């Protein structure tokens, strides 16, 4: 693969996901960034939007119309949900594999999508071919996929926190509570009251209580793992930090449990997964910042007979951009870890 | 009461609670701060420790030994747990009423204390006279008390989030999960790895999973309200902010429920409680910063058949200093709100 | 004055200055808030815009057109520059005194305004009657004023840092450098790339280098103090905090100097100014947060023969709202400190 | 060089500089980390101290005594000043080249060191062989050095901000003012009142006014560049962020100047320096976070006839660890940029 680099396009340059993809792909040995698109900034250097790239990636932005004009190996869609679907439909036969970072193909069907996203889906055929791009669960399927739906940030941390127990059908039905906390970049780059510094700094609040659309994405995946439908409680909160998601998961179990047994279940499940770290002390979001790691820490509370699991990721990386690169590595038979070995940036 | 001001001592000047007490009492019309003690800073002006008081409260710090030498009306103990108990024993017959901000008399008995605090209790008689100083539940008892155990910060926010449902015995046994998040001042003024800026800033983590000592304080109070023992799950997390606690409470209920019914239960319960605000939108910790308010927001999730309640307080105020002043107002027959009407400082 | 409270209107409710004015005036014993205006939120409770006021100040917002309909004593204009001037012209004969928190009448003339604000001035007559509302310099004039131009936040901290030396003509011509740093609220409540959390948090940058419009406001005031025109260097920077301005001022002096002499000059100048604190240790912005104080700390560097002065204020208070209340107190013969004695909120 | 990797020891594992060195060296293709030392944590995995390295660098820490026992190519001293000097003396003939990140050999002589550091120097001979490790100025000397004194963080940003003008003797004698602001990691990992979250967060203050020891380091280097002694004003401030230094430099010049001329002087000087970026817009510290870049932005103010230069670096990288790696690359004839091409982590 070193002889012929993968030709890559990033569609959607203005957001955080687009810039993080560019940062990772720029230092990926097997990749050549052929184009980055932005409809509102055509002609501007990419580094004008993201000055951290000054002198490192100054290529001019082009319109997404240019994507069809060139032979590409991979197209990354770093677009809002509802926008990706049309591009997927347009480029599905272009010869390039597509990794969609939006929510447009993460769910099981048009019907579920339209119920939770409250929006018409224009390309329902995509649900049949799309593979859910969580490498810890679906590596084999991803290897053969031409369209990957990159998981949401909250679902990534949530699913990985509980997958070992669901896979063994150990979770008491409908007992799962996921109390999730995310850094502000999860709200995107758009200026609004929500993203105004003075509303975030020194503040902390919940949002989307009892109805956030990531709920169904988690329910579908954990339900599939256990072979049984599940209804879970998911509450996101906004942290006054740039990056990071921490999920505190609470569940009742269906068998006798103790700490050793619990730890072993997690160790076995994640044994050969290079980016999930089973921690021996409580992890913080800064332990994974700037990296592709998901750190997991399961605790058995004998007193309350409940499992508590902490999981942490960098929402822009394992929750978006580095997960997309991981999927690309799998889809093209590269070393799974290529370009993803950054040690977290701390402090 | 305006003619003769209450003579007050603050024992323990160096911490955040001591300085916040001083700030509130300094502008309380019916109070005169007679002395502030600190064993390690005797002779220094109070404002040397807390420069915000420069030119406003520069009185020299004295040793706690001075407390006995003067006729006082109230003694506030702003000391670590394990230290307060000896002072309470010493000053119980001094003629002054005592408000203890430590954990030494919050629990029901010596036995419970020693189990959860892992420490000998030197003055078990105190448990018999101490009143738990949560005015929303125990105003009448507090009025007659000579020793008040000021509640913990997490317990204040936690109990107020669920009291209306426990008082009506509506909570399914052992179903309660309290996912709590606190600003760093909850960890105190002592320099340590825990309080080092670089470990807190841009970080977020849980601690005390499955064993934090505030658990039993909450269990005892909620259990008493419902008349039935309860085992609850309490998980504290550390927020990268100075002030504020937010509790996200999850519970199953024992009766048919809907949003209107739930809201009414909370409205009725807090109708004449001036410092609990039943909010009509999701509250953030900054909505109460610098104030004595506890904002509460109950949600019924029809899909999961679960109650979710958000409550927020300023941990140094409603969770400590202003609650102590509230208790003092009640103990001395003052207007309950005297000195406590600060609008939150936002942003 | 206690019998008849001052009837007050706040024009411009949506910003930080408007809400801080409301907070201060709500607890001011001699004031009754009669109306708060907002053109875009007419009819909404004030607390909908600023939830910290929930249950404390829920009055419905009205249009500025209502201001003329009622007998008022004071009108506070918490509006952007360029908007205030028309209201001043309209209400100048209404019987109410006007305190304008915008930049519209802070400078010496229409010509200077138009050069630095790059905007036509519609009411140049205002410059003749407006008094510059810095109580430490102009208390007597303010007492007789019907229109006060409340100073800018940077100019307040900057002028107070150097006024004692300029008043004694001790500063070497054109040697003054003011390196200023402000919290984000100085940029206002409007959502933009500038105020997006991720551009501010963990960041720090300069702006308006060599051309910020507060430069001329400072130059005019310091020049007037010394009786000689001065050209100074002013560079503002954006701090990742909500509140606070710190100015580091550097100047060469025209006489022999030493630390004692310098300290005495400042002590004499601020002797009877209750809200300027001459500090004996280096002040931080948190030492004054939430208060009306300006803390000043002058240092003589014998090695470089230069004076360095640090000054800190809360930009929303001494830099805006509390300064406006101070001016109101003076204009109506109230106790200068009425409603302004808050101890800083720290931590 | 790929065949035989450089054998490297990091002496001093517990601080931020030690962990950042490990992070950079771990992904440096030509390096093998042979040992990391810590006297207080011997035997513990390195990742116990710095959990971001969990599963990536878990080697046990050893005593510094082990350093002599093995053939090494490079020894990095990540120690406090006053401690390094003895190790340099001990290992100077060990065959390994030494890169000292402390302040022990940055100045011109024992006498200057003892005056500014107020401490005896035990190995004055080191001043004769030590090369000041600022690659932009001394690349050739560094290539031949066996002992490199890695520059201080403030001096790196300060010197690079003004070097082009000093090298051309364009700065008016004694006119330079350096107003510097640093993130908290500059204060080190030790827990103290200074590093307590609540003293840093939402705060900002100056320190070391008129006497900080980095002053002389900057004066010596800029003086050497111009061939004339200089006395400059240096004032550091503490920013409530983890990483980053921003210097705002003010100077009078000795020749006619304009913006174009100024820009050209900087462009020429930094033309072939890959890690200094001459920016075309005002840089913030987040534009360089996590990278080896120094961004520089010079402005000519025609009105005040003064040059203002902004420079930004990551204090832990270009101000410490990555600069040390850069020096290593030069000392061993490697590609200058090897292991240093990280794009800044933003947001």
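To keep things simple, chains are lettered A, B, C and D as they appear, and every chain counts its residues starting from 1.
FYI, a residue touches a chain if its C-beta (ideal position, glycine included) is under 8 Å from a C-beta of that chain, and two chains touch if they have at least 3 such contacts.
This one's a predicted model, so the numbers in the text were calculated from it and none came from an experiment.
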Item to check | Shared interface partners, meaning chains that touch chain B and chain D | outcome: A, C
Item to check | Furthest chain, CA centroid comparison against chain B | outcome: D
Checklist outcome for this item: Separation of the C-alpha centres, chain A versus chain D, in whole Å, is 36
Checklist entry - From the C-alpha centre of chain A to that of chain C, how far is it in Å? => result 46
Next on the checklist: Averaging over Cα atoms per chain, report the distance between chain A and chain B in Å.
Outcome noted: 40
Item to check | Residues of chain C engaged with two or more neighbouring chains | outcome: 16, 185, 198, 201-202, 240-243, 283, 286, 289, 347
Item to check | Residue numbers on chain C that touch chain A, as the complex places them | outcome: 16, 184-185, 189, 191-193, 195-198, 200-202, 240-242
Next on the checklist: Under the definition above, what is the set of chain B residues touching chain C in their complex?
Outcome noted: 16, 19, 23, 26-27, 50-57, 185, 202, 242-243, 277, 279, 281, 283, 286-291, 295, 341-347
Item to check | Contacting residues of chain A [partner chain B, same complex] | outcome: 174, 177, 179, 181, 198-199, 201-207, 209-210, 231-233, 235, 237, 239-244, 246, 248, 250, 282-286, 289, 299-301, 303-304, 306, 308, 310, 347
